[in-house]
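Chains: A, B, C and D, in written order; residue numbering restarts at 1 for each.
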């Protein structure tokens, strides 16, 4: 039995809390902390956990085996560091931080603690994307990732999001690394436009973006993003190689097709967003973490994966600003 | 070069005329006859043919090699008989006639003339239905034919149509025989409802029908029909056997898929009707006939195919009236 | 909190036990009984329940609110009767019994007990079939149900199964009734062949079947069944009416499409069987039952639904034997 | 009636000759010239035309209304210039030339002749791509063009092809311009790899490429190419905007879907190459040209479209070499 402390009682925290509860008898939600005590109490109450008055109390509790960090991004590094020092296993939502310097410092500070740290790149656990990765298309030549959100987050969030590449595309950078395996991405070109929300222009951010990356093998990767797809959360992966092509398509809540005087084969809009689309992934992600902790092995998606995805996001940002292809330096 | 006389200058006659013209240099439309001289003249003029004042003149012309009979059903038997006696090769639209007695008599009368006679079961030439037939599904167990027209023909036509089984389902009966090859249909059950056009009730006809047939091997066949599918002309075949299933799907005029806030993967309505849907089939049907004539071989779809399809249609009608499964007697 | 006794610790019992456990905090598995005590103990142990030495002990326990009957069909009537007398809410797997006389007697015996009784027609809870039913296709004209199992059950099971119509098609009869709502099925024609397992011939049973039914409105229903679809569990529903068509398609475990030199758009085989295909349905079925019990309302799928589906299955059997369409008498 | 002289009797010349013949009575193939007299004679003989001993003879013939230039690329400019001076309407295969200087000079030399000149960008006439272009997706934000050939042309051809961007991607550059309408492409980034045919490395050419372009509106365009798709000629267009997405999918020769123990929904490989895939486009392209000549209007796809596509291809080449995004200068 793994006892969890949950830091962060927002939407994603609530999801993780429910998954921990559903993982019984392997896991138990022990306590919940949030800046907003009412939010923490609500989730705690729902799952028979207690609300923690602060982080330190939770970390000091020897009954706590693991922490799940689902608080705002700017608290991640501090919570990771403190939790690692307290010897707790860590499952932290992406990104580690927006500032690569802070990430590097965090890496140095927790080196030697030996605690398992997993970064919440949930798409790695999606069954369809996973099946694409396992497919044999021969030598990989082209990888195309389509990743479009159903709608923009609120402006206050966008202001502290770190921009589209570090906030949204970072999932796609990680997915590309996951599919490419040992074939390192060496070069990044990126560009973007502000076509959906004009207010982003003042923030120097974009809502529509395209990326091309080149891997060591010569394989080419394309990512395209939009912050607004009116037909739902569009998440597709296409892998092309010497032997053929494999695609993972979108999910819908039913298999129904309608035919009338105006259209045929019409399906319902795509599942709306990540909570629905990646429901299975979130559950499997947690179970993989629990398994790593229980078996004292390193998690499948580690701190360095979080660091490398951020490095790619930074390269994309630099490329968009300079108009040049950027060589990636993983340090 | 095969010189054709066309009997019947309606919609289907015009189609065949254009296909004959497109078959050059293998075929030529020499003359056109229709009860309505203006209609004959229009088609003749378009393709550099002459209008015939009557059938006899056309049949007496030694330059004519073949006749294409696209006139109304009640003239087929007479035209077949006269053309066969005149030694012309014959391509006749389905059905041969609505009355099996007349068909049998026609068969006797033309026996011995040795002219090639082909019945216009165009679906046998559809590339997709054909690929289904050629597929290896192991021992055939289930065959499901979905066949729905986009809309009702006018009432005057319906009154002389012979009813849904002899007018519309007859294509499906033939398609079933084509796919089953040597496995003879032995038993027919059919039923129907008048759900679209109440006036059919007075005619003893239905617009919505279902059929089950059993072949000698035990394979089962289902046909379902409607006279009105608002999304277009719905033509599908599904073959199921010991090794799997093969389906032929509908055609559309483009491959476009639309996604908006209400629907995803929405395609356009199906091609509207037989002229559009079976365009390739009509052309290939004619070319196969030309090939048979040129090479002095029997056509692939013969008089007996027309006769057997009518026998199945009659069995369906008898079954619908009696509520009993009917054993088929091919005579 | 609803406390359950589970009768029957086979494959389907294990599924229900897990779903009850997952329904916490609304439900709890209290005890499990099976003729095979080891099987009962295994499931009980897994979910923190106790194994019951016999049915009477479970029914005598006032802490038990509901029973879930997942034992062999020939025990259903007795268990329903005893449970109803003990005042327990009942969720019983289909069919109620193979003998309509026993079902009628059971109905009389439990009338007046007022306990909620739900029959396990899981397909009514399938999200896709459900969406089809809710769709507006205008006046319903044609309903086509394709229902094919991936493989035959063992012969010993088949010997006591009651034949394909009462064992397998019964789900489709119920689904047709569900979709037709108040439009009663009045007439049944059925036929079948033994094409997969020759041993069935001696049992007078078939493994391949087709049914046509007519509803009061004139709407026509087709069902086709096979006991062996090598590509997986094939479960489709097609609804056709004055305004268009709606179809529910099969489920697969991922959305992957493969393209190579031999094929394009190739997806994986269908989910193998009911446990996987109707996972969501089984969970929702149980939750609907729990909701009915908790809110003291009648279950959505009642005893009479089980009775009527059996009447249709019997009519199909009679039709197959007589070669005639059978008028349905619901008594 | 438009009388054509055909220059070039290779594969694509033969296609055009057949289309001219099929366009009767609007067009006639009068003469054919090729460096290889036997090739010219073969096509001429097939369609009742005569073989020309040289270009000048054909251009001097006042009965010739139009020329169709399907010879090797390095002869295009000279033939266009001579034909324009001779007052013939011109339909010339893409590209005009590989050297933008020659193209500019040609433009100057033929200015003032006023003859209709159409460039053979056949994809503009594809019904599905065309329907995509006509679709209302709101303000256009993303355009993704997937364009992969089934296999490499022979090395001797590749050596004089001008490289992937000017030989193959040039179709996609034109298609992007066609879909973007008045929204000019201002910036191009491109990269490529040699993953299929190592010999291309010595030619400084690639066989696998990705492009990102930015239009004046901020709309982003992605193109990905491969010279080898083992599943057939992969030609897709995806248009994404404020109101939704529209895609044009690939064509196959039938609609058949196969299901067996290994795969479901498996379709046949895509049509193999441009002659098959764009059959309808080639016919419509010719008919549009004939219509322009007959009605004395400017062709829909003009000389400047050929020039602009070459400018984009050159920008892509420069970008691939420099690693920088290139501003497009249309001169």
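Here, a residue touches a chain if its C-beta (ideal position, glycine included) is under 8 Å from a C-beta of that chain, and two chains touch if they have at least 3 such contacts.
Keep in mind that what you see is a predicted model, and the values were worked out from it rather than measured.
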Intersection of contact partners for subunit A and subunit B: C, D
Chain located farthest away, centre of subunit C as origin (C-alpha): D
Mean-CA-position distance for subunit D and subunit C (Å): 58
Subunit B-subunit C separation of Cα centroids, rounded to whole Å: 42
Rounded Å distance between subunit B and subunit D, as computed from the means of their C-alpha atoms: 40
Interface hub residues of subunit B, defined as touching at least two other chains: 230-231, 243-245, 250, 257-261, 268
Arrangement of touching chains [line / ring / star / complete / other]: complete
Residue ranges of subunit A in contact with subunit C within the complex: 22, 127-128, 130-132, 135, 243-251, 253-261, 268
Contact set on subunit B toward subunit A in their complex: 230-232, 250, 252, 257-270
Contacting residues of subunit D [partner subunit A, same complex]: 139, 141-142, 144, 146, 148, 187, 189, 191-196, 208-210, 212, 214, 217-220, 222, 224, 226, 228-231, 234, 240, 242-245, 323-325
